[in-house]
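In order of appearance the chains are A, B, C, D, E and F, and numbering begins at 1 in each one.
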Amino acid sequence: MAKKVRQIDAMKSPRFTQVATFARLPNLRTLKNIHAVFLGIPFDDGTTYRTGARLGPQAIREQSRLLRPYNMFLDVSPFESLNVVDYGDVNVVPGYIQDTFKKIQKDVGKIVKNKVVPFIAGGDHSLTLPVLREIALVHGKINLLHFDSHFDFWDTYWGKKYTHGTWLRRAIEEGLLNRVAQACIRGSVYSKSDFEFARENAILVKTIREFHEKGVAQVMNEIRRFFPTNEPLYVSFDIDAVDPAFAGGTGTPEVGGITSWDALECIRSLLGYKLVGFDVVEVSPLFDPPSQNTALLAANLIYEALCVLAKTKSV
Amino acid sequence: MAKKVRQIDAMKSPRFTQVATFARLPNLRTLKNIHAVFLGIPFDDGTTYRTGARLGPQAIREQSRLLRPYNMFLDVSPFESLNVVDYGDVNVVPGYIQDTFKKIQKDVGKIVKNKVVPFIAGGDHSLTLPVLREIALVHGKINLLHFDSHFDFWDTYWGKKYTHGTWLRRAIEEGLLNRVAQACIRGSVYSKSDFEFARENAILVKTIREFHEKGVAQVMNEIRRFFPTNEPLYVSFDIDAVDPAFAGGTGTPEVGGITSWDALECIRSLLGYKLVGFDVVEVSPLFDPPSQNTALLAANLIYEALCVLAKTKSV
Amino acid sequence: MAKKVRQIDAMKSPRFTQVATFARLPNLRTLKNIHAVFLGIPFDDGTTYRTGARLGPQAIREQSRLLRPYNMFLDVSPFESLNVVDYGDVNVVPGYIQDTFKKIQKDVGKIVKNKVVPFIAGGDHSLTLPVLREIALVHGKINLLHFDSHFDFWDTYWGKKYTHGTWLRRAIEEGLLNRVAQACIRGSVYSKSDFEFARENAILVKTIREFHEKGVAQVMNEIRRFFPTNEPLYVSFDIDAVDPAFAGGTGTPEVGGITSWDALECIRSLLGYKLVGFDVVEVSPLFDPPSQNTALLAANLIYEALCVLAKTKSV
Amino acid sequence: MAKKVRQIDAMKSPRFTQVATFARLPNLRTLKNIHAVFLGIPFDDGTTYRTGARLGPQAIREQSRLLRPYNMFLDVSPFESLNVVDYGDVNVVPGYIQDTFKKIQKDVGKIVKNKVVPFIAGGDHSLTLPVLREIALVHGKINLLHFDSHFDFWDTYWGKKYTHGTWLRRAIEEGLLNRVAQACIRGSVYSKSDFEFARENAILVKTIREFHEKGVAQVMNEIRRFFPTNEPLYVSFDIDAVDPAFAGGTGTPEVGGITSWDALECIRSLLGYKLVGFDVVEVSPLFDPPSQNTALLAANLIYEALCVLAKTKSV
Amino acid sequence: MAKKVRQIDAMKSPRFTQVATFARLPNLRTLKNIHAVFLGIPFDDGTTYRTGARLGPQAIREQSRLLRPYNMFLDVSPFESLNVVDYGDVNVVPGYIQDTFKKIQKDVGKIVKNKVVPFIAGGDHSLTLPVLREIALVHGKINLLHFDSHFDFWDTYWGKKYTHGTWLRRAIEEGLLNRVAQACIRGSVYSKSDFEFARENAILVKTIREFHEKGVAQVMNEIRRFFPTNEPLYVSFDIDAVDPAFAGGTGTPEVGGITSWDALECIRSLLGYKLVGFDVVEVSPLFDPPSQNTALLAANLIYEALCVLAKTKSV
Amino acid sequence: MAKKVRQIDAMKSPRFTQVATFARLPNLRTLKNIHAVFLGIPFDDGTTYRTGARLGPQAIREQSRLLRPYNMFLDVSPFESLNVVDYGDVNVVPGYIQDTFKKIQKDVGKIVKNKVVPFIAGGDHSLTLPVLREIALVHGKINLLHFDSHFDFWDTYWGKKYTHGTWLRRAIEEGLLNRVAQACIRGSVYSKSDFEFARENAILVKTIREFHEKGVAQVMNEIRRFFPTNEPLYVSFDIDAVDPAFAGGTGTPEVGGITSWDALECIRSLLGYKLVGFDVVEVSPLFDPPSQNTALLAANLIYEALCVLAKTKSV
């Protein structure tokens, strides 16, 4: 594939037509001459509350029909400088978390070993653990910027070590991570010990209160100061970081979050970082209103992250 | 393409994964060695009441994930004897009916000239007119079996000759049709003159009352007697033939229709006919409940019709 | 008003346009030269379970846009022989049942004293009591055909005599009724004593089982034998007589009911009776799927009843 | 507990009030002097398509508020002769099927060893396997009447032996079952071999076609002839046996099923059998319309089964 | 009850399991050793627009499953220092406002006389009047902080003195109140006289404009200056104070309100006050999107208020 | 019509009763002694993505029931100083854009020639072109304030010059406009050339970023400086200017928009301008949640604009 990968031309083919792929890019299982892939991981057996995130990737594809070629706020046409394809989904194993982890690792491993950056649509947050394992294999210990309303570092649920609420502790235990920052934390929690764990592990925690009191720009500046720009960065965006008014299509909503504009600005503010991977997780379209706002936002977040990659690369 | 076209294997890849194509068949714009295609026509500017049928093809694709390889009632595995692909959608011209007709004719014309049978998902019923034009070009005057709660032979709406309520009169005027039968007619109508038009044009009209009083098997027998089996048959299925309890996702619903089982049996009863084309129209997913029953039924009707083709062909 | 009252012409003004009145008839507070009125009674404080029927009349108006001039099954154009207007709604008193009853009686009293037949859209079933009071004032003791899944002759709820579950006992006690038949009764009930009350009051009870076992035509024949055709008949149709698959938009649904076709046939089978009033009650649009099937069915039931009146009158 | 267990009195406490328990019975973790329990198993990690059945038990409780004391068709007041409680839910282990099986077996084992009959609300169909294990421990090989649109005896999915599509094969392999009958089978299937498996295992298969052609009463008579009345019978009712028009709130819907009345009659026709357990599975409320028809039907099916037990016992 | 009242342990029993009680606390009709109760008042006959708030308490219970033990923003574990139970619902009398008021007064009277603080989930706003009557009986004239988009001091509706739009005038007339402040007032109103009434009664009115221009913290500071901290305070929170984007599940929505974060901060800012009662009213779940944001917010508001009580008490 | 036009009195007739007209004003096709009309244009064949805006006017009427006589923020009772009627809808020609344009021009032309100000509810944005043509005929080149997330000055779509994405370029080409300002622009776009077009045409573009960074008041001040107050101003408000959390009921949503309060303030800030017309377009109620927030906001925006007219006029 030497030629450019292009979106279907909306001037010839209206955006509501044709099979739904991410951003109307070709659905191809290839990595040759590709810079980035959209990868779906439709898995939700790691959820501790409402399921449904397995329907996330397809909903995000459907809403991504609206993504057009030029980003006015970052002044970049991402698909001019990047070849991107819709790589399809991981063939998950419903009901079996660790078997699914293996499948994820196989696909993500192949992608990152080919120096292709994965942009992942979940699925529940448990999937970030196997993704990080493969990223770390290639890039070494990585910095993680984690947007979420929840800490996700509980040790076990019902005696089980692998769930969407424990993946981050596992990733830390497995030595995959270097610096970790968390943003938008809120909601009632099981115990005050969550904060202690953060402190012991030198995690930078930005609760939602900081966002509301200082504004997104200021908090993101503080986060930028925490992560050196010359170190690889992985961003994991749990959609419940956003307020359920803007992103109700999720399984464990917490009121009081950031807006959709805030979320977009968070991603845009990462300009200059070398993204080694990005995921948006916990989109559960059955809880969305008919407008499917949450999947639409998720599609836009992936688009903004692609633009960051495109812009950073072209500089 | 000499080898068989296969559905994605659900034993390796769960049915809710991967990009949504019809019946998880490949999305290919090819006609070589192909016997039948799924073709979407996402157009709804011909509707006189509620729009939304432009979203029909994609909803049908999404629900067709459940279609499995073997049909127990017709005892046939359609994709064993037929190579079928998802041909994508016609690139319609929203807001411009006659321009869209040209686009439809171009795509359908190419398909039928290659001796491939189109299985079409609408879109509103106006699309059947350009489809019939191309079918008639290849097969000559054709027999039409028309399931609908409405006659669709009003002359004009607001002075306009091309709408989803006038296509059948146009097709008759254009000399495209040989024998015509209509099934499931009901609802209040504009005038008694509809019946006169039917009589003048020797159209066999089976109102819904006959279905309720005689049963589907008997009515379909009468319809079979009307159509010689050695003549090509086109079937146009307006989903509002079915009761809105079973198929509420449509723009002009009429209470009192047939059930989903009845609808399936109607199609199965066509075993032995040489199908030259098939369409399911007026699926408007925004009016469907969350279970998306209407799109699911539409996917099954297309599947049954494919099975009729497969079984008839193999006999 | 000497000239005919007409629906807005759908050939000039598409049916989805203009302010929603019943069947697109004029919204006029007049009784002069009028044969029948559509009257909304948007009241739901008599409900013992889920509220929302106050939104019924407007939903029925909205769905009645689809009603066209000619009824093919009764072979009648109702608005040719009847002048019908949308009389608007009773100005109910939310939260105050007996005050509302007075308002209902004032409006209905005026209507029936002018020899105009009211076709009423509820609202909860408690409203039938004040309606019957006024009908009986004009016509004397009347025959009542009551479609419902519930008996509605419990004595009190929480010590209260006026609710949607007690109106029929009150009507009997008040001496308003002559012969009473009930159809479609089903569901679990509070006590076996309901059947005893029916027997003591010589009420003809047709449970849903008879409908399923004998068919609608046979049961309706038995009901016709019960009511002399020369006696005035009032028909009260609780939409929950119909199965919730066909009419889920209601507050106290009971599974196992008749279909929408059955419901239409029940009304059509009343040809020849002198209707003195008709109501459809308990339509609660918030429980309807987006297609609004229940309101659509209710609109059609009123239309069929109007056709019965038109046809019976013209004979 | 020597005194009768009673529903909350709807004449004092309106049915929409108070905490939602099954049929407004007390929520008690006791088996003393209890004849039957309602048990929720909110588990859906065994689903191969859409999840969400973990929300089934609570939705069924919510809709069961409408269940009243007397069943007119079976002429029985079940809670007069049976002490029934809402036993709560099994504490399942989300994401871990076999751990959940252990939890199910512990709770169900305790129930059946105390000679209490479990009436179970799922959850996905995989749960029937651990339930049958415990039932068989107490009652020996048991007869199983299985309502479903699917056979559920595929060997594995993605190499996994425990899913909602394989439980019945496992139960047969584990020697838990004596006679097995299946009813309402339909839909496209993976392979014709399903029928061979049924034949090899002497399973009585009643496809949906028999229901549509012979009627429910006749098919159920044939099923009754298959099962001796003096042998214990377990009934497992996958709600997708019912048509999605009546029960769309499920994860793997198949069009063309039985009606809600048919479903009720199926259960009622079991009068005379000694029920040793009953389950309704695959209720997934997020796919239900706002009226929550599916959960309402499921609540009624459990009620009818309780009435069968009450009536059979009292004879 | 000497021992602590505990939530069901989510580490043993997943949060989506078991009967829905508020915050998974026990459903007990006891006041012994209890500091606070959750009380549902499922009544909506006082509504002047859309009904449905009778379904509020159960929806709030369902969403309260997500409430966990520790509040990070107030640094308190409310159920450590407070014994709280779900006291169930008031047995309201649907359709009869004043009878319902008596029932409310009986239950609330008993609660407050036992020095237990009621946390009430409505139900429509008319219920606050009988609650205040009982609170005032125990505490004397009380200070009222009223969040709402509406003034609620119209004299009558349709000649009726008791509705959800008149309760506050009644409370003032009955001499129940000392200082009154209103927050978030907006929307079109019937007349400018509402402002005059406020002035005449020395009510502190904070329209929504002040919130948007000064920010929540500043407005709440001004409100705090208005209420002495050593005087008992009752807080009534009409959920329509919040913007319908965040809390659309209500009967009389007004665009332009505060966010969910703002709402949480309003409650948190009351730290230090002696709460004698708290209500959240007008939650009408049928108007909520599938994520049930409004009920979730209401559950969180009650939780924050409980935390204020717990923290204030422990200081 | 010499006497005042009044809303139906909500103190006599509850707001949920009676036929739905805008703000419960009379539905009259008169211009005599009228200052402003509400006009529906239920047309959506100009949409390039999701249809459904033809259902906008009726949804806005339904939600406008909540509009009361007095506006507290502008301190004006609009219907005191203005006679306003619901003029009904334009009889559009579905599927035929230019025929519809003629119908629009005929109705709007008559209105503006009678010196009546039209307040228009769409319908898709293509309708603003024919409206501007008639406005310009009467008022000469006019100033346009355009709220939208999209520029709408693409040249053609699929070779077609008239769509909802091209109307503004057409209006400029046709010489209808004097000064043009655009507000809330955002989202991905087809090309950077959109900005060049704006510059070449001296259009003041305020992207959404300015709103988020400077606040609404500041941006609106800058817009006010751009438009002389003594020049006639037309305001076209595409509801997708607002964030989909607040206004999801639209066909081409873009995340990251303004809030509903912001939108109201934008309109209020126009006090002092001579409004010659106002439209709210792209309200598509099928994408709205059950609370119908978008239609409610649209009704309020029209109300605020009417208040601006009333207040400006009375000064």
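Heads up, the rule we're going with is that a residue touches a chain if its C-beta (ideal position, glycine included) is under 8 Å from a C-beta of that chain, and two chains touch if they have at least 3 such contacts.
Composition by chain, UniProt nomenclature: A, B, C, D, E, F = Agmatinase.
Everything quoted here is computed from the prediction, not taken from an experiment.
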Handout entry: Chain pair repeating E-F, as identified from A-B, B-D or C-F when over half of the contact pairs by residue number coincide
Key = B-D
Handout entry: Chain whose mean Cα position lies farthest from subunit F
Key = D
Problem - For subunit B paired with subunit E, centre-to-centre distance based on mean C-alpha positions, whole Å - result: 55
Practice task
Quick one: report the Å distance separating subunit B from subunit F, using the average Cα coordinate of each chain.
Solution key: 40
Exercise for the section: Would you please write down the residue numbers of subunit B that are in contact with two or more other chains? Expected result: 12, 14, 16, 48, 50, 54-55, 91, 93-94, 157-158, 243, 245-246, 286-287, 289-290
Handout entry: Pairwise chain contacts, counting only pairs that touch as defined
Key = A-B, A-D, A-E, A-F, B-C, B-D, B-F, C-D, C-E, C-F, D-E, E-F
Practice task
Within their complex, state which residues of subunit A touch subunit D.
Solution key: 44-48, 50-52, 54-55, 91, 93-97, 99, 157-160, 162-163, 286-287
Handout entry: Residue ranges of subunit D in contact with subunit E within the complex
Key = 12-14, 16-21, 27, 40, 42, 54-55, 57-58, 61-62, 86, 88-94, 286, 290
Completion exercise
The subunit C residues in contact with subunit D across the complex are 48-50, 156-158, 185-192, 195, 207-209, 212, 243-245, 248-250, 252-257, 286-289
Completion exercise
Within their complex, subunit E touches subunit A through residues 10-12, 14-16, 65-73, 75, 77, 243, 245-246, 259-261, 264-265, 289-291, 293, 296-297, 300, 303
